[in-house]
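What follows is a short report on a single structure.
A, B, C and D are the chain letters, set down in written order, and residue numbers restart from 1 in every chain.
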């Protein structure tokens, strides 16, 4: 069967099922908002006199609230149906399904989602970088008054050190941008060289301090770990078990270190030690793998819950709606 | 049988995908409709987290760091919820910070979900405050050690930290007896231990909730540098059950709000998926051995 | 009676300036007691509460040596006998005019402790200190330092001396062997299969006429793994240039893209294939972890590269990339120091460079004797670490068996030398 | 530019910049007056990285525009990417639809860029989050297929790998409790959930420690190779 044909069928099936679902019970995938009237007293200062600022915000709210309010007073204006968020909800559902479809095969839906996410997220991080780094740090230091008067009134005034550092940063940045100039692009290697050098220098300190020394000292475990009982003397079995654990630990660390030796061929004693080391590493990896499965499944569960709960309204674990979910599902099963 | 083996050997991985989808979606639907969850028996690491928080007297400032983003929400949101739930119930002074840019939104969501919903008497800026995000990873941590206000000059709402009641008497990180960390990677618990806990000279205790992938990497630090550890959704579920059972009024039979059962709900799909994985590993090996036997036969 | 009231007033006044909850409470207790004093609580001839805690006997303050200055350690000797007091309040003052401040809050410590450190003072300035014991039903008289103490500025941070020596030691090992290698001393390193495989992988890609995919991790240039990844890229792209294989490098950071372009371009130049270099093959995708992965895996499925290299700092995306690569039958070689991701690379890739192996990759590939030498230096440092561990374990064992012996002291000494 | 001076500017100067910057930062950690340089440089780095975004955006635009103009296969997707990029950038930088901040209502720009009601927030909520977190969720499937393929008892190492994973998998679920819950207390150490904890605390700790120590040494040596100008492959392996 040609891929295109397959996808037409798949999409058609989904559309039909969704159509059925929409016609059952309270339908599905609608978003509501709540009106929030903001009113803030502004104290007078040299720039402006005292005043009261009023504006309206719309915050997302559970369908239950809307339904309740409607029951109470059909003409209420506090809660409203939100086209924007409803469309968003359907969009989110589409993207979710599109990404999952990649598991079957690459397809137009996935490529669309891929194209969207590249564009959106690249810009997203650009914006974050601008508002969270450039504005408070760079502009906050170079043009404090502007930032203070327009964006962050409570940003503390920059110190001389910060100002100097930021001019330096600006210089590096401009060198980097020389890459776009017709000539002299080679100078963009300088800031990169600076960054690489700095990273190398700083990481030596942090790694030796917090990893090499700390982990070495942490391995100073007694091979005999006395477990003292309530009445004083050593308790035999607990002591043995605790000691065994320590012995295994120390052996493991030493053998794994042997595995990492580069100038020694893995032969003879070193070879045997290295082999034990590999075994420890394998156990380590197996355990890590096992643990990770949990997390990954949780993530998948969250996405499927989104589809079932927010979109299809099949389940309602958070009690967002009034509709009796079970009955809705029941009637849906009847349809099939 | 041999036919079954040949199928196994040439199994298209998409069948595995389908099986996984079913084994996760099935339990979700079931639990979602019936509301039944599986029982939990807390491990020491999870109990330790509960104890550390319970040990603090009401009004004690506690530093709560949300170092994750929505991508890991499935795993970490339940932890965040019950951690804040216990802190709020205990009446601790909650100071929220984030070293991940998307942290502050998650903090606000959690505040909405727990504090605003169930602890309306707690006042923003007095009983809790969202100090928001600072870029700079470890650098921020190092600055916090000597000067909190320098690391976080203004709160998420743009108020100077000096003017925040909830931060009264907080000069440096070590003024917090406890650090509650929820993290999904770098920077996260490991960095906090390296740069803050180890250099605070035992002044700060730390409990953390982390993703499954980080759990093994953090065990070397528990219980010395790390006083409590919630590993993945399992840890979340154990801790959640602890908090719920301790906070539920003894006599009342009122149902626990669904938002405080998120982790335990998610253990259902966990079971399904884990059993599938185990089955897959067994099948994989059956196929492998059968294959090898046939090879041996061929050679002999 | 009056005098005691005065003391308490003084404290509550002093405290008003300080910005600490603890002291605010203190002032409240003080004020409360002031009221109490008038009626019930019996007083002694000095006018102090009988039930009030005794004051500290003596107090001394001294500069904390080898620090950035501005830190002074205050220690005092509590009065003998049990006391109802719950905490000490330490205060400082620049002048000592007849025992009165202005006093500024320094620290509040539990009654069990008998010392505190006043930090963040202006270096080279002198201060007087005083300590007061507080109990729920009153406060002791104050005990004040006789002479002013100064937090001197030291040029070197003493606490970091062990760290400095450790770094010096490791560096010495590495540098010694680099120099030894330069003097022509032969250096052997064991074969690392994963690195041997790189050349074959590039060759295979060339034969199949397919491209090579190189992902230098998803972190920025301030992560040493990214830098290490780029050094590997430098070597790989040189081989690729020699074989005339197309290499593609998607990056999730703008800076990394720029750095990768520099590395690849220079390698093509060095291989005498400057003409074959295509800057657009090294492109920025997005900072967003999973946006980046969405692109790369989609790209893999469509372009079907013959060889995939993952060299740098990876997180969850490791398995998505490796499984996708596996499904298109590419040779996959991974290297990372992110131990949490190693299991997935090990499970899904043909070869995996584990931690230190990855860090050594560039040196190994370069084949330059002095770089190989540095690996030997690493080994020596490793051996030293192992020996220290063994010594530590022996001491710890001794300490555990005979807690009274000299072993515990020795163990503590060793830990101290190592700076922890 | 003359050949000699070109070589100096393009290779020697950068090399020395790296060497000097590196050693200065390395030493700065040990002297009071320079101790805080690390943090300052961190700020500098973040700013440079933010500025570098211009280059990234440039490359993104260039590559996709080229696709469109060449009418490459799938050029439509390139167009979509560009449109999404432009829209998000504009509404984000312009804080479109962002309500005033309740703290400083008079300041037009003081609102949260992703507050309720802002277009940027909407994009984040309904495009960024669903796609990224679903991409992340794919791992659940890949973990399964990887386990099926890789966890086969080929040799001792593989057996250890898969059996550990097996124990942890069982121990971390309700299944483990059921399977070994019957064990009496004196043998409680053999209960799966505890067993997996022991594996963590002994074997896992040992393995990770060695890896961490190794990495620390590796990082030091790598950094030194760069700082001594021995490894110049980051600026091209040739000299």
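Throughout what follows, a residue touches a chain if its C-beta (ideal position, glycine included) is under 8 Å from a C-beta of that chain, and two chains touch if they have at least 3 such contacts.
None of the values given here were measured: they were computed from a predicted structure.
J.: Determine the set of chains touching chain A that also touch chain D.
T.: Intersection of chain A and chain D contact lists gives B, C.
J.: What's the chain with its C-alpha centre farthest out from chain A?
T.: Relative to chain A, the chain with the farthest C-alpha centre is C.
J.: Count the touching C-beta pairs: is A-C or C-D ahead?
T.: If we tally the contacting C-beta pairs, C-D comes out ahead.
J.: Quick one: report the Å distance separating chain B from chain C, using the average Cα coordinate of each chain.
T.: Whole-Å distance between the two chain centres: 23.
J.: Provide the C-alpha centroid distance between chain C and chain D, rounded to the nearest whole angstrom.
T.: Chain C and chain D have C-alpha centres separated by 18 Å.
J.: What whole-Å value do you get for the distance between chain A and chain B if each is reduced to the mean of its CA atoms?
T.: Chain centroid spacing, chain A to chain B, equals 12 Å.
J.: Spell out, as numbers or ranges, the residues of chain A touching 2 or more other chains.
T.: Each of 99, 102-103, 111, 113-114, 117-118, 120-122, 124-125, 133, 137, 152-154, 176, 179, 189, 192, 195-196, 198-200, 203-205, 207-209, 211-212, 214-216, 218-219, 250, 253, 257, 260, 281, 284-289, 291-294, 296-297, 299-300, 302-303 in chain A touches at least two other chains.
J.: Considering chain B alone, which of its residues make contact with at least two other chains?
T.: Touching at least two other chains: 13, 17, 20-21, 24, 71-74, 135, 138, 158-159, 198, 213, 215-217, 220, 232, 234, 270, 273-274, 277.
J.: Spell out, as numbers or ranges, the residues of chain C touching 2 or more other chains.
T.: In chain C, 163, 167, 170-171, 221-222, 224, 227, 255, 258-259, 262, 284-286, 288-291, 294, 316, 339-340, 342, 344, 346-347, 354-356, 360, 375, 378, 382, 385, 420 touch at least two other chains.
J.: What's the contact topology between the chains, one of line, ring, star, complete, other?
T.: complete
J.: Of all residues in chain B, which touch chain A in the complex?
T.: Touch list, chain B to chain A: 14, 17, 20-21, 24-25, 28-29, 31-33, 35, 71-75, 101, 133, 135, 138, 153-154, 158-160, 194-195, 198, 211-213, 215-217, 220, 224, 231-234, 257-259, 261-262, 265-266, 269-270, 273-274, 277.
J.: Quick one: in the complex, what on chain D touches chain B?
T.: Where chain D meets chain B, its residues are 38-39, 42-43, 46, 101-104, 110, 112, 114, 129, 132-133, 136-137, 140-141, 143-145, 147-149, 151-154, 162, 165-166, 169-170, 172-175, 177, 193-194, 197, 200-201, 204-205, 208-209, 212.
J.: Which bits of chain A are touching chain B when the two form their complex?
T.: Spelled out, the residues of chain A in touch with chain B are 103-104, 128, 132-133, 137, 152-156, 206, 209-211, 214-215, 218, 284, 287-288, 291-305, 308-309, 314-319, 325-326, 329.
J.: Using the touch definition from the top, list the residues of chain A that touch chain C in their complex.
T.: Residues in contact with chain C: 99, 102, 106, 110-111, 113-114, 117-118, 120-122, 124-125, 176, 179, 188-189, 192, 195-196, 198-200, 203-205, 207-209, 212-214, 216-217, 219-226, 250, 253-254, 257-258, 260-266, 281, 284-286, 288-289, 292.
J.: Once bound in the complex, which stretches of chain D touch chain C?
T.: Residue positions touching the partner: 26, 29-33, 35, 42, 45, 48-49, 52-57, 59-60, 62-63, 66, 128, 131-133, 135-136, 138-139, 142-143, 145-147, 149-151, 161, 208, 211-215, 217-226, 228, 230-231, 233-238.
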